[in-house]
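Shared between the two complexes below is subunit A, which pairs with subunit B and subunit C, respectively.
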Partner chain A sequence: MSKRVALGIDIGSVTTKVVFIDENDEIVEGLYIRTKGNPIDTIKAGMIEAYNVISSKYGDIEVIAVGTTGSGRQLAGVVVGADIIKNEISAHAYAAIHEVPDVSTIFEIGGQDSKIIFIRNGAVTDFAMNTVCAAGTGSFLDHQAERIGIGIEQFGEYALRATNPVRIAGRCTVFAESDMIHKQQMGATPEDIIAGLAESLVRNYLNNLARGKELLPKFVFQGGVSENIGIVKAFENAVGAEVIVPKNNKLMGAWGVAMLAKREIEITGQRTNFKGFKVTELEHKTRVFYCDGCANNCEVYEVIENGETIAYWGDRCGKWSNRLTSKVRRTERADRREEISEK
Partner chain B sequence: MKIGIPRALYFYVYYPMWYGFFSSLGHEIRLSIPTNKEIINLGVSHSVDDICISVKVFHGHVKYLLNKKDLDFVFVPRIASEEKYKYTCPKLAALPDLMKSAFVNDADRILTATFYTRQGDKLIIDAFEEIGRKLGDTEERVKKAAKVGIKYQDLATKALRSGHTFLEVVKYIKNLEELIKKPVEKKRYTVALAGFPYDVYDTFTNGDVISKLEDSGVGIVTTDMLDPKVYRHYSKYMIKDLFWYQANAAAKGGMYYIDSSDIDGIISISSFNCGISSIYQKLLDLYSKEIGKPVMHIIVDEQTGDAGLATRIEAFIDLIRVKRGDGLVSQENNLHGTEDGVHVRSV
Partner chain C sequence: MSRKKITYTVPRMGYTYAAFESFFKILGYDVIIPEPTNTETIKEGVSNSPEYMCFPFKILLGQFERVLEKNPDRYFKVVSLESYGPCRFGYYSPLYYKILRDKGFTNFEIVNIEGIYPPLYKGIPRFFKKLIKLTGWHAPWTIVKAFVIAGWKVYALEQLEKKLYYLIPREKVTGSTEKIFNAAVERIRNAPNKVKSIKKILNEELEKMEKNPHVERDDLPKIGLVGEAYILMDYSNNLDIEKKLAYMGVDVDRSLRVTNWSLDRIIKVKSHKAHMLEVNKGYLDFFIGGDGQESIMNTILYKKAGYDGVIQAQPFGCLPETAAKEILTKVSEDYDIPVLSLAFDEQTGEAGFVTRLEAFVDMIKSRRQMKKEEKKESVTVEG
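Coming up: the complex of A and B.
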């Protein structure tokens, strides 16, 4: 019998996460890849890579459910045929609660956005997301590590070695950078600057997102930046309690949405929409055009699969996106289900 | 005569009154088109830098109408006060002056009068008489028209109180009685929108929060649907009232909804750079913390990308779903991601 797995894909701004989970919700294979401009190719590459690993381990596999999340969730959802397209806040929270059931506060910092999620009794009660400013996210750290001339992987140990962290303005990336240069010229060691940067990042994060809201333990810290032991330490100092970094810290969003997709299929009892691994061989193109129907000039995105348009979005009035929905909706979905079961 | 009415700011409160007045005098009313990118660009390029987006948008609507050379006047009333001892924000009270200085060459085509509302009909009739003199209508006809205007406003208020949004009032302006009788569809979830009517109802500037919610099966109510009597007692919580009627409506109306058991959550909508909004948002935060009902703030600005907004609204809906015990999955209607305005064709 082939191994039954659920697939979760989290397309972030900087990295894409692909996981396969088994019947017990455990991750059988998880990949963390840089998105590098073309999310569709990244997803396909990730799926092939993960498929090869699992099939060599378990032989045949059967995908029973697929979920997508992250800022590219819609694109990924149409390309692979998702059963559930879920926002990243719910997906991250779901995985964190699964891992640490009595969690109260989740810190999540990714490549370009950061969020804080408040949980009480296993349910999200409040959340906040950074809006326009990317100060203090992964991209910023990457950039600064490069500027100081150390690898981002070493960032954590440098921070831990610091004896006197210098104070750095964390409000804004531009100011933080000029502040760091200034402190360097004054003679501060790279260790102290990096530790100072970690502290300012955490301070900025808590000021911008937590905004005086009650921070209760247990704390869970996830997302790419949670790899960084220096930032974890800075969080622990700021909240005065242990901050848990879960075992799949970088894959939480994809893991969460894979579990949600599995529940979805269990509840509805339907077959998955997954198009199969053959999607990696299909040709996908995207196209952006400005609609000239009215003065809004919406940027409309079109996804084309083997020469056929499968999705539109971005139009405010629905002129384009409704073209497909009117045909699709539930009837066509139902028809397709019958087709599959007849086969 | 042909009179242009900008579809912004107090249009979303007093349009019925203006419609009733001008149309019963036999003047032709022309509304500016709903806010779009062109209007925002017009507004931003003709306004001073440090005002809120809502007033900038208003500039755009006025400019749009002034560009229509066949219009005799563009109506820019000065709403000075909406309740005794309560005054409007300085930018709104100075609106006709702002417009005249922004569009100097067309200053004499701006029709204005100073309104004091909710303080007896006399003050309103006075304001309409000021307009009537400029339009050259007889005093007797103006008085009659003013009363028609007030009647329209009362009908619109009735429609709002029965749960219809102001957008519906605009649509049904010729037939408000029919709207009042129309039943409001009850949905499984209800979210209250707290904020100034011009922020809540300007669907372009706020990323169409109302449709985003309604498309996901969430019904909405707004703070302008409430009779101020029902939330009067929240002054005690605030220690003292705010100085602006609309800010009080947003703050106290929001608190009223926080206390209402049939409301699942509150979303406040305000415009970037609005000082007064920051006060009522904080009040809602503090109150919701005591009662334990979810509150989310949406602050709108000139940017039109709404990916972040869609994510937040989706997550907010998830939050109220879970609170109701409905779980995160099997959102039948959302299976195809309509929350985000994305539609998928199965292949």
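Coming up: the complex of A and C.
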């Protein structure tokens, strides 16, 4: 019998996460790759890679549910045929509650945004997301690692070795960078600068997102930046309690949405919309155009699969997106799935 | 200058532009309504205003510029709403004048309208002086008629809008109500200038919308919108937040509409003062400009009306709203109502925006679920 799995895809700004889970919600295979410029190709590459690993382990597999999340969730959703397209806050919270049932506060720092999620009695009661600036997120750390000339993976160790962390402005990346350069030219060691950066990042995060709100243990820290031990330490110092980094810290979003998709299919009892792994061989194109139907001048996005439009979005009036109503799309998908499997 | 030669242009405020249009048409002027906020107007406005200026200013500047550019052979009176007070909103019209002059436009003058401010013996004459400058000399009954018709049109459009957002989460065929609504707006816009016929059209259209197949339900999550007036009232500025929430299956209500805004701010009705007392006592006891105090007041009112959450829409860097945002954190705790603050700026990328809205709606649903379960438990314990 083929192994039944659910697929979760999290297309973040910097990295893409692909996760397969089995019937017990455990991760069978998880991948963490850079999104680069082209999310569609990244998803396809990730799916093929994960598929090869799993099929070599378990033989034949059957995908029973698919969910997408992250900032590219809509695009990924139409390309692979998702059953559920969920925002990353709900997905992250779901996975964190699954992993640590009595969690109260979730810190999540990703490539381009950082969020704090408050949980009481297993339900999200409040959340905050960074507003306009990317100060203190993964991409800034990435950039600084490159500038200093050490790998981002070693960032945490460097911070731990520091003896006397310097103070660095954390509110704005421009201020932070000029502060770092100044201190470096004055003779501070890379270790102290990196530790100072970690501290300022945490200070900025808590000031910006958690302001005035009660921080209760247990704390869970996830997202790409939670790999960094230096920042975990800085968080622990700031909140004065243990901060748990779950074992799948980088894959939490994809894991959460895979579980949500599986639950959705179990509740509705429908067949999955998943188009099959053959989708990786199809050609996908996207196109942007300005609609000149009225004075709104909307930017309309079109997704084309093998010469056929499968989705529109971005129009305010629904002139384009209503052309493909969800019902029609579903039957089309079913037809196309058969077509693909015949090939 | 003869009466016919002046053309008016007014800010677009959501769908109510139709009412402003008929106001000036009744007085016998031409009116050109700027296009809704789009990439072109934003580009124009942003590149010509100071970087630190409020986003509504940039939007309006862009819209006015486009109007002046397209009609070089007309003479315009540009109408700008303005407040007398501590925030940057008080300096809009002199700044428009300077920037547009610097750009080489000469075919315009700027007129503005503002509320009556104390002391009354100075405020009332000031208000009428401004009004005369705005409309020019007319027989009083013409002005009264224009006000009445425009008022009725605003009222009609707002009733239609309310109905639309009520029906969207309940309709059977997605998007069907919106079609009827769009036709209705056009009908009100072109309605003859008689109160009777506006009433008749309004009732007909409301009935038509009511007849659109839908399922009555009263268990939808309820979200109220507060924030800066111009961002909130014009759908093209706030990325259609109301419609998006409605399509997510939420009962959505906007706290600021043209009718209550002018009643509260220009005429200053008593109930507004009464509501404001609570804000004054605990949170903010002086006017900080813009709609800062109103945002706090309306959040409290929403909680009292049984809403599940409040979204504060503010232009990025808006002084009064930034102050209100900090105070709202406290209000949110005291009154146990979640508040989400969204800052709008020139970005049109909706990814982060929709993520926040979806997550907020998810959260509100789970909070409702929790409350329901708590209630059930307490009932069984008592039983």
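Some observations on this one:
Throughout what follows, the second predicted complex is superposed on the first by the 326 of 343 C-alpha atoms of A that agree within 3 Å, B and C clash if a C-alpha of one lies under 4 Å from a C-alpha of the other, contacts with A are read in each partner's own complex, and residues count from 1 in each chain.
Definition applied: contacts are C-beta pairs under 8 Å (C-beta built on N, C-alpha and C of every residue); 3 or more make two chains touch, one makes a residue touch a chain.
Since we're looking at a predicted model, the values are computed, not measured.
For the composite obtained by superposing both complexes on subunit A, the positions of subunit B and subunit C are in clash.
Shared-chain residue A:G318: touches subunit B and subunit C both. Looking at the shared chain after the overlay, A:I310 reaches subunit B, while subunit C stays out of its contact range. When the two structures are aligned on the shared chain, A:V288 is found in touch with neither subunit B nor subunit C. In the superposition on chain A, contact of A:M186 is made with neither subunit B nor subunit C. Set against each other, subunit B and subunit C differ in how many residues of subunit A they touch, and the higher count belongs to B. Residue contacts after overlaying the shared chain place A:I89 against subunit B and subunit C alike.
With both structures placed on the common chain, the touch criterion links A:N121 to subunit C but leaves subunit B unconnected. Shared interface residues of subunit A, touching subunit B in one complex and subunit C in the other, are 71, 86-90, 123-127, 129, 131-132, 295-297, 314, 316, 318, 322, 325. The residues of subunit A lying in touch with subunit C in their complex are 71-72, 86-90, 113, 121, 123-127, 129, 131-132, 211-213, 290, 295-299, 314, 316, 318, 322, 325. Of all the residues in subunit A, the ones that touch subunit B in their complex are 71, 73-74, 77-78, 81, 83-90, 94, 123-127, 129, 131-132, 260, 263-264, 267-268, 273, 275, 294-297, 305, 308, 310-316, 318, 321-322, 324-325, 327-329, 332-333, 336. Here subunit B touches subunit A in the complex through residues 33, 36-39, 204, 208, 292, 294, 299, 303, 307-308, 310-312, 314-315, 318-319, 322-323, 327-330, 332, 335-338, 340-347, going by the rule given at the top.
Contact residues of subunit C toward subunit A in the complex are 35-36, 38-40, 174-175, 178, 236, 240, 316, 326, 329-330, 333, 338, 341, 343, 345, 348, 350-352, 354-356, 358-360, 362-363, 366-367, 369-370.
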